[in-house]
Amino acid sequence: MLDKTGIAKRIAREVKDGMYINLGIGIPTLVANYIPSHLNVVLQSENGLLGIGPFPTENEVDPDLINAGKQTITMMAGSALFSSAESFAMIRGGHVYLTILGAMEVSELGDIANWKVPGKMVKGMGGAMDLVASAKHIIVAMQHCSKEGASKLLKSCTLPITGVRCVKRIVSDMAVLDVLPEGGFKLLERAPGVSTEQIKNATAGRLVIDGEIAEMQF
Amino acid sequence: MLDKTGIAKRIAREVKDGMYINLGIGIPTLVANYIPSHLNVVLQSENGLLGIGPFPTENEVDPDLINAGKQTITMMAGSALFSSAESFAMIRGGHVYLTILGAMEVSELGDIANWKVPGKMVKGMGGAMDLVASAKHIIVAMQHCSKEGASKLLKSCTLPITGVRCVKRIVSDMAVLDVLPEGGFKLLERAPGVSTEQIKNATAGRLVIDGEIAEMQF
Amino acid sequence: MINKVVAGADEALHDIGNNVTLMLGGFGLCGIPENCIAALLKKGITGLTCISNNAGVDDFGIGLLLKTRQVKKMISSYVGENAEFERQLLSGELEVELIPQGTLAERIRAGGAGIPAFFTPAGVGTEIAQGKEVRTFEGKTYLLEHWLRADFSIVKAWKGDTTGNLVYKGTARNFNPMMAAAGKITIAEVEELVPAGTLDPNQIHTPGIYVQRIFEGKGYEKRIEQRTLASTKV
Amino acid sequence: MINKVVAGADEALHDIGNNVTLMLGGFGLCGIPENCIAALLKKGITGLTCISNNAGVDDFGIGLLLKTRQVKKMISSYVGENAEFERQLLSGELEVELIPQGTLAERIRAGGAGIPAFFTPAGVGTEIAQGKEVRTFEGKTYLLEHWLRADFSIVKAWKGDTTGNLVYKGTARNFNPMMAAAGKITIAEVEELVPAGTLDPNQIHTPGIYVQRIFEGKGYEKRIEQRTLASTKV
């Protein structure tokens, strides 16, 4: 089983040279730490920045420079700042190639639910609905099952959804899976020490297993 | 009868302190020369400038600074430059209070025709359709009649129109007139030496004359 | 040029009454109009509909106006960073309308730009789509969304000049430029007010035409919600 | 960051073929991509659909491509500053689609921003409205207009950096920023190319994400259509 860092490390391997990427709050933010330094990628912050740099030192802290999670940040050389309208023009227009975000549930058709639990306090969708409706490629970072052991990879989402048929790939604590265009989770890799059988038992939606499934490499 | 300069001078009297104004090509451009210097007004150029200044001296000429008529210009202190999308956002959003433009015909309902003469070379509407569809107040500078003596203030336009029910006031070489909300040209002022009778004969659309009409003052 | 300068937040807000619709710039606590929020608090007007991406925290930003029950309704994309907000929402004292962030930004931009409605893909197939026109263009489905405008827009900039031209700094720009254009009356508070002609015309973020009143604010706190350092264990 | 630098116009246009749709920045002859126009001329590709506010003059700008009959169709708001254009139009050799300038600017902006359609008041009741959906919002009538996108967008900026960030100068900005965002491939030629990190991130007009290729142009003529001086009798 992967911990949060493990999920982030595995997702970092999906990053290719030249990509513009939006990282959601939580595990996705951690991905930035594991992107190989030889790759030239640009991280977008939907509150108005292309070129997120590392967290600041005490001296570098600027209250006028935060990411979408309201954390203090720095800028890379070659950054650009802009308004929220321009930021989402960029996202909606398909210019941000890859979106990495968390999910509470994903359906076998690629629907994602990650913004609302009815009966609990609702904080809002922020930019998630725009991001999942717009990005060319969407990777989800999530736990395969709830604390109670219930699968979060479902036939159809039980929670209110954030977007329809948009998730392309899932990296969970147990596996890497693709959402097939015709529906279904295609198992690509097992997390270290996790068996195909365990993944089968933890996946409520249709799971497609084609031949021998290798353990993931980092 | 007013010449072009006279029309421009009379229109300049319509300008009030604090106005943002778009001036069309031709006579409207001349209006800038006669706006009293104690008035604080800002001239907008739809190709991306707020704060048009006077024409440049030889040394000030900058090919990267032109107005919508492609003439070299200068900027006032406090100017702002922007894109064409922002410029027309400003116009469409009603932020530019007054538009002054030329017309080939105006109907008694306030329709304006000024972009196309069928059978002749068509140059395009430029920004005129956006301007007339958007400005809060529209003043037209025009000749009352064609060279052949045919009225250009009509019951309805014979040329393809630029906008419907948008003209509020007309300053012609013969008169100042308002377009009434219910339709009709209300005569407000006569040009020096022009009689009410002459204006009547030169106006094909419904002309409303209420009492004695004074000669215009400059 | 036209002079828009007023003495301060009280004068800028002199004609604002109960039950108006306000836009307030900022993302989280970054780029919020601190002086005007303090003046609204002092003025005590109520029944406000606030359009703002977030709702502040318990003791800062719009959170202050929530505590005093001056806000009737919030129109936002992400809220609930504070306990009082949650209490009022759950008890039904506060109305909340949640809008996807990009749709919120574009609806405000449309308000300023005279575009009454546009199509966007965000929220298709979700509960956000309920009651909205759906249409397919080139094989993809979109929702029709309408413009948002306000009685008053209150924005915060880094620098501004006497004619109302504004320049923002860093990610404090966020919703401020679109809101500046979407207010019937737009009030700008700036950290530094300079004479017309001082700012480079080529580098203006908000042209002065959108701003009716401007003043130099004071005592900016610029609170940080998540102070995260290079040395922080995340 | 990502390096977008190419050697020059020929390399930037290496994969452009016949019958593509091009956007070309500029208003009149102000802010036009002179180097790329020269390269297109040399390359001799034909059947071009050019989206550009104007069509140049007889011997400069897009007028050069008209003379060589490389342009099949112009989509513009104002054309006909040149005799050859008029001849081709009247003889039916050249197609022309005329669009109100603000609608043209916004349709291009929509193309880059992923908005397939929006409502605008320009052209209501005119021949421009023929075949278009008409709808009333708050008592005013609007037309539904669709986005415009291009296979290649070719823009001209004052300064640019190696990651594609652009800064324009004066009214040479005009259509360039929206076109930069609306091209599948966007090529930027700049008067001065600087290393990433040189331009102030707060003062970028076009963020580099929109630009795929950038180069420093040379020999800019910047012809003036109407040299009007303070001393000119207008």
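Per-chain residue numbering starts at 1, and chain names A, B, C and D are given in the order in which the chains are listed.
What we mean here is this: a residue touches a chain if its C-beta (ideal position, glycine included) is under 8 Å from a C-beta of that chain, and two chains touch if they have at least 3 such contacts.
None of these values were measured; they are calculated from a predicted model.
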Count of contact steps on the shortest path from chain A to chain C: 1
Chain located farthest away, centre of chain B as origin (C-alpha): A
Interface with more contacting C-beta pairs, comparing B-D to A-D: B-D
Mean-CA-position distance for chain B and chain A (Å): 55
Inter-chain centre distance, chain C versus chain D - centres from mean C-alpha coordinates, in Å: 33
Rounded Å distance, chain B centre to chain D centre (Cα mean): 28
Distance between the centres, which are taken as Cα means, of chain D and chain A, whole angstrom: 36
Junction residues of chain C, two or more chains touched: 106, 109, 113-115, 120-121, 169-170, 202
Shared-contact residues (touching 2 or more other chains) in chain A: 49, 81-82, 88-89, 91-92, 134
Interchain pairs in contact, sorted by label: A-C, A-D, B-C, B-D, C-D
Touching residues (chain side chain B, partner chain C) in the complex: 18, 20, 40-42, 44, 49-51, 75-82, 86, 88-96, 134
Interface residues, chain D side, partner chain B - complex: 27-31, 53, 76-81, 86, 89-90, 96, 98, 100-106, 108-109, 120-128, 158, 169-178, 205, 222-232, 234
Chain C residues within the chain B interface of the complex: 1-3, 109, 111-115, 161-163, 165, 181, 196-197, 201-202, 204, 207-210
Residues of chain D that touch chain C when the two form their complex: 106, 110, 113-121, 135, 137-138, 140, 142, 146, 167-170, 202-203
Chain C contact footprint on chain A (complex, rising order): 29-30, 45-49, 54-58, 61-67, 69-73, 81-85, 87-89, 91-92, 111, 121-130, 133-134, 160-164
